[in-house]
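Below you will find the structure I want to go over with you.
All chains are identified by letter, namely A, B, C, D and E, in their written order; residue positions are counted from 1 within each chain.
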Amino acid sequence: MVDNTLRVTGQRLPARAKTAPPPADSRGLALDVIALVTALLVVITHHIQNPLLQFELQFGRAFRNVTLQPVLAVGLLIFAGLLLLQTQAWRSLMGRCAAAGLLVYAALVLPAIVLDANLLGAALGLPPAAFLEELKDDALRPAFETALTLSTVPALAALLCVLLLWSPWARLPHYARAVRRNAPVLLVAVVVLVLWEVLIVVFRVQEFFIPRPTTIAATFTEIYPRLVTVGWNTFQNAFWGFVVGCGLGFLTGLLSARFVSLSSALLPLAIAANSVPIIAFAPIINNWFGALNPASKIAIVAILTYFPAMISTVRGLNATSPLQIELMRSYAASEMQIFRKLRFPASLPFVFSALKVATTLSMIGAIVSEYFGGTTQGLGYRIREDAANFKYPEAWAAIIVASLLGILFYTLVSAVERWLMPWHVTFRDE
Amino acid sequence: QDVPTVRVQMKWVTQAQFAGFYAARELGYWEEEGLNVEVLPGGPDIGPQQVVAAGGAEFGIDWLGSMLASREQGTKAVNIAQIYQRSGMRQLTWKDSGLETFADLRGTVTGVWGFGNQYPLFAALVKNEIDPDNPDDITIFNQPFDMVAFLNREIDSAAAMTYNEMAQVFEYVAEDGTFPVYTPDDVNILDLNEEGTAMLEDLVFVNEDWLAQAGNEEIAIQFLRGSFRGWVYCRDNVEACVDFVLAEGATLGTGHQLWMMNEVNKLVWPSPAGIGILDMELYQQTADIALNYEVISTAPDEGAVRTDLAQAALDGLIADYPDVDFMGMDYEPIDVAITPNGE
Amino acid sequence: MIISVENMTKKFRGSDGLTVHALDHVNLQIQQGEFVSLIGPSGCGKSTLLRVIADLIEPTEGRVLVNGKPAPQARKDRDYGFVFQSATLYDWRTVLQNVELPLEIMGFPRTMRQARAREMLRLVELGDFEGKYPYQLSGGMQQRVSIARALAFEPKILLMDEPFGALDEMTRERMNNELLNIWAKLGVTCIFVTHSIPEAVYLSTRVVVMSPRPGRIAEVIDVPLQQPRGTDTRDHDDYFHIQSRVRSALREGSGEAADSRRLREGIGG
Amino acid sequence: MPAQKTSQTTWTLITIASILVAVLLLWEGLKSFSRASEYALALPWGGTLDLSNFNNQQLPHLGDIFGAFLEPAQRNGPPLYVILFRASLFTLSEAVAGFVLGSLLGFVLAVIFTHSSLLQRGLLPYVIASQTIPILAIAPMVVVWMRQLDLTALAVPVIAAYLTFFPVTIYTLRGLTSVSPLQLELMQSYAATRLQILVKLRIPNALPQMFTALKISATASVVGAIIGELPSGIQDGLGGAILNFNQYYVQSPPRLWATIVAAALVGMLFFGAVVLAERLIVRWQVKA
Amino acid sequence: MIISVENMTKKFRGSDGLTVHALDHVNLQIQQGEFVSLIGPSGCGKSTLLRVIADLIEPTEGRVLVNGKPAPQARKDRDYGFVFQSATLYDWRTVLQNVELPLEIMGFPRTMRQARAREMLRLVELGDFEGKYPYQLSGGMQQRVSIARALAFEPKILLMDEPFGALDEMTRERMNNELLNIWAKLGVTCIFVTHSIPEAVYLSTRVVVMSPRPGRIAEVIDVPLQQPRGTDTRDHDDYFHIQSRVRSALREGSGEAADSRRLREGIGG
């Protein structure tokens, strides 16, 4: 009997093959993004640690928010881990050293930020509480300056480690390709910005309609610490609203797909809920949860995102072919199994279309929800307030932060999508 | 045929706050002046300054603070007539809370609207050494259009216009139909006018460039003459004016609009220098507060205000209608009963 | 009697309101351990018959008993392994995961599942392809994956709809022998649709010849060739003899059907 | 078979009815329960549960909400339902205009992105970015711009379109690009033009996704129209009514609720129309 | 020389980073009006070769000339009719509309299109099914629809990937003869993938035997049977003789491949 083993190339195409550079698809830049984010997080966490940086530098002030800080610290750990995985650092001696350096830094930073236990401070005899507040007592200043100098060493070392792991110099051909690939985006950006600037100057458009990009940029660098804080507050609402709304949408979508008559009954109700403009709901929801309670904002986001998630789930769960269902039936698979192994994966393309739409919706929702009363520490309040007071450059700077957060959120969901459904036609490569 | 058409942009939705303008249109005062005027209702997010600057309207109604801010950004808005002579903004607290002065607001949750309306309150707070930006001193609550948060006691004090939100508190009907639930005896009314930090409110403004065009000063004067007569009419014919307003907005409560009309009259009248003439002292106070709170970054220039047009209109009117009182020095408000739910 | 189709009729109603009479009063009895081939012209209802037996669609009239219990019960008891006419692999699963699917559903532990699936893939000569996605396979390879999948959980009854249609002669012969091995070893009952008369005769204990429009059983032909079958079977005189019997039954069936079609105008309500 | 269909419909109706009844019972039941317990429920493990969310202020009686439709909104005025009906028609017309505008734009963008990966890479990020700009922030500017262009009547539809085009773009793009490679190869073997491939393959293939998007957009356009009415100072639509009743919520909660009901009905009507269109157009069944 | 494949290699790069070497330095020359069959084990690259010739995928190396022009040009000139291994009908079109599709694309007027499509459907014995949707057809019927579709616009070159794989013997014979008729009448050039050696020999002027992994042409066998073919062809001695030549070429091809694999450990760049 003839054995038909295929001539499959067994060579893994390693990400850093010396001979042939790997294909520069969009995933090709994942490592660079991870490395850059890790480096940025190293810098940020370094700033958070010492009041001299946190309270006295513009950059440090941006990260003064106490709920944001632990997230950033944990983020550092996650990204460092991703970086080590991506580069397979344990493969080489240098990699192992760099990994160790990064981990040591993380070990210093994490307790300092998450548990308020600054090891270095403890060694210098500084009270832990003093790290959390602006330095008013000049007597402590020299001690903090020493602490700062000392802590700069591991921070710089960590940066060096990231750089070694990343080795951007070995990836130059990548960048050439990536630049070529992403040239259109950059080009559009440049053209639009230049046109925007030029048109305003040439046609003398009054700045209170649209400020010039340069004015916005200048304003941005001036006020970004405030924007980071309010942006973070608003993003949290958007995120949790997204989770609740899409989660509920998915769950009810499941129920509807399972029980057809329930679906035809639930659907009108869902549509009804969705046709109610948030602006009408907002006062009622504010009454219910209390306008100062984040729950009211989260509820508004949830209502906004619920519908796309639900309707796409129903559609997606029914997007299986009769033959595929028959196969499952022939195994006498339970409904649950049919769901898990067939309907769920088959519905993913639809669900992800919905989730992507929901990311931007959730940012809009979180921002708009702040228009109807409540906290003054949000992006939406800032945008509206600045616009109302004719501080248009400030308003636009805030809008830019909103956009960035929205795009970030969208990109995150897209990355998960790619990761979950590599089989889908839209991601296949030749 | 030769009648020029101009538009006037209100600051908010149709209500008795703008009754004088509706009266001027309904009674044909503007027509008599040789003008065809369109009254554009406003709403949240409508900046009358933007509309006027963009040429969407010739005249705009706005509060002085935001007008100055917009001028600084280049809208070239010019105040040509100050209709309201005093501020209608108050801060309400519950009587049982014991918060009786602005100084008492330290450590409370204090509601106030945005859109630049917060600055008079902030000025009062600072005057009492409370930093509105410091959460340890006071929690500022971005107050929505309604008074629910105050009624639910979610916040300790709330901003209220005498002619609108304040009435809503008293018009409230309880679950079981009890009415009135709250009377003026149940609340403390903190007055910004008394604290000396009030900012001037409704005024008429135009665009400087527009005004500079030949013939437009005359049009402005014609517009003001009609408007002034409308406001005079509303002072003397409260109920008729309310009917004009109701005809504009199908969903408004009659009792509430009547209350509003009466309260608005109190803000307009008496006008010691004549209707529409700006009190320079109050103007200075407003400008100072605006400067203090970075609503504007430099003191307003000379061109921000022109009283001559209003004066010309007023003088003309006094000459043409010698019997009519354009100062209202002995204006007496009428008594308006609070109706349940403002019906 | 393991499978008993009694007086079964199946009609499809299309969205255009026309009814297609796919099967007409079919009666078929199959014993435990038999290997029955269905053969007949394209569109005569072979796939439909298989589907009805597996309780994937309901008969319009009549009934199907399996081991004395109704077909839905048998399906719930996971008595059936089904190979569809088209491979029907799940795009989002690799080859290995596709073969594992029925085992997952039946709750086998992971390691055992993988071992079993690998074994089956080796059987269909696709051991090297376990990590590939279906779109990376050729047509014949996809079909072989679906065969591996059906065999993986050792069902009592194997229903196969032209499983070897897309295979070359040599692979097909090897697969035939593998199938016979499995059949003999496990004592499963097979119902097998094919268009190849030699294949039908080589594999089966009985060949069921069907005639079209509406689908009927034209003739049932016993295949008394000695077991186990092998290369010598193919040289046997009876092998050719039975083949020509099947062939003529097919011709007759179609001819008869053509006649009856002429009478009834083929398709009707 | 038809008999089966009828019973399916009957079942649906019964379920709808029972859900409605359940909501009604829950609504009124919670209200009377909390009222009986004076809006505070002592919990067995100590503490109290605040039930004031169920008082008439926060959650009016259903009867009151429907009663509000019949009562005049102001003394001697027409009953509220007449006003809301007119407002709904007005808003619906704006929403339809916005929907048409937005769907067309969304569709065109998706088609462009399908055919030019260059443009897709160059523009898609900005399309996404455009959606993260809160509509209420730019709505006033849109109104001003449209006024300057002398297209005041289009201001609200444009704002509604801004909210509707994005789902259409995303879903249609996904639908247009996820044609099976084999089906595409078939077209290529005929050397079909891009237009032909689009019309005969991509669009039919995308229809299910497109209709999902259109359903989302149908309701979104109603929301967009209402939001757009606010900065345009339009008083004739539901937006104006919502604003007024919101401002005077304390005075009459049922009126705002009644307006919400009206807005919801408009959305459902629109949605229903899209569903009907889908039923008429997508009649085939997917195969393996 | 109408088709000329020169030194063509095709590799697929998977998302897992593994490369599949599907075709390796293939050379093939085909004359105007020839009927060439491709035969070879499952997964040896037959479909891939057809796809490259039709310019549906690009070769990794080498080139394909058709009538002296490059394949993309030929595709744009609509020289090709392609029957895919799976029917690939459009779900949203009825049978008739599916057959009309290429004619629509080439801009034929409606009445002519329908007449032509009906004629083709009658040819594949599906005249009664024009109003049905694909899901209402049996597997074999779907495949016949796709054959009708490919024939409908009388392409100069017919590329057929196992078109008759799902058909019963009798229908298949009739289809074979229809195909030969069309071929003779129109003088088209045919490249035909099949797994049936008799079919390949019966139809072709040349049989190309391929060997697997990586796909190569093992042997090209001329079929000098007299034209037109018919029932007497099947009785001809040469007919059986050539069949066994093909069969042994196939066996050798696979064996050789297995040998070379053993030498090279199967896996390479």
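List of remarks:
Here is the rule we use: contacts are C-beta pairs under 8 Å (C-beta built on N, C-alpha and C of every residue); 3 or more make two chains touch, one makes a residue touch a chain.
For clarity, every value in this text was computed on a predicted model and none was experimentally measured.
Taking the mean Cα position of each chain as its centre, B sits at the greatest distance from chain E.
Chain pair with the most C-beta contact pairs: A-D. Averaging C-alpha coordinates per chain places the centre of chain A 44 Å away from that of chain B. One simple way to say how far apart two chains are is to compare their mean CA positions; for chain B and chain E this gives 84 Å.
With centres set at the average Cα position, the gap from chain C to chain D is 50 Å. Counting partners per residue, chain C has 15, 86, 88, 128, 133, 135, 170-171 as the residues that reach two or more other chains. Shared contact sites, meaning residues of chain D that touch two or more other chains, fall at 57, 136, 140-141, 144, 180-181, 230, 246, 249, 283, 285-288. Annotation for chain A: residues 2-6, 8, 209, 283, 287, 322-324, 371, 384, 387, 424, 428 touch two or more other chains.
Of all residues in chain A, those touching chain B in their complex are 206-209, 282-283, 286-287, 290-292, 370-376, 381, 384-385, 387-390, 392. The residues of chain D lying in touch with chain A in their complex are 8, 11-12, 14-16, 18-19, 53, 57-58, 118-119, 121-123, 125-126, 128-129, 131-137, 140-141, 144, 166-167, 170-171, 174, 177-181, 208-209, 212-213, 215-216, 219, 222-223, 226-227, 230, 238-239, 242, 246, 249, 256-257, 259-260, 263-268, 270-271, 285-288. Contacts from chain D toward chain B in the complex involve residues 35, 52, 55-57, 73-75, 77-78, 80, 83, 136, 139-141, 143-145, 147-148, 229-233, 235, 240-241, 243-252, 255.
Of all the residues in chain B, the ones that touch chain A in their complex are 44-45, 47, 49-50, 53-54, 66, 69-70, 72-75, 109, 114-116, 140-146, 148-149, 152, 154-155, 295. The touching residues of chain C, when paired with chain E in their complex, are 12, 14-16, 18, 20, 39-43, 46-48, 85-86, 128, 131-133, 136-141, 144, 161-162, 165-172, 195-197, 247, 250-251, 254, 266-267.
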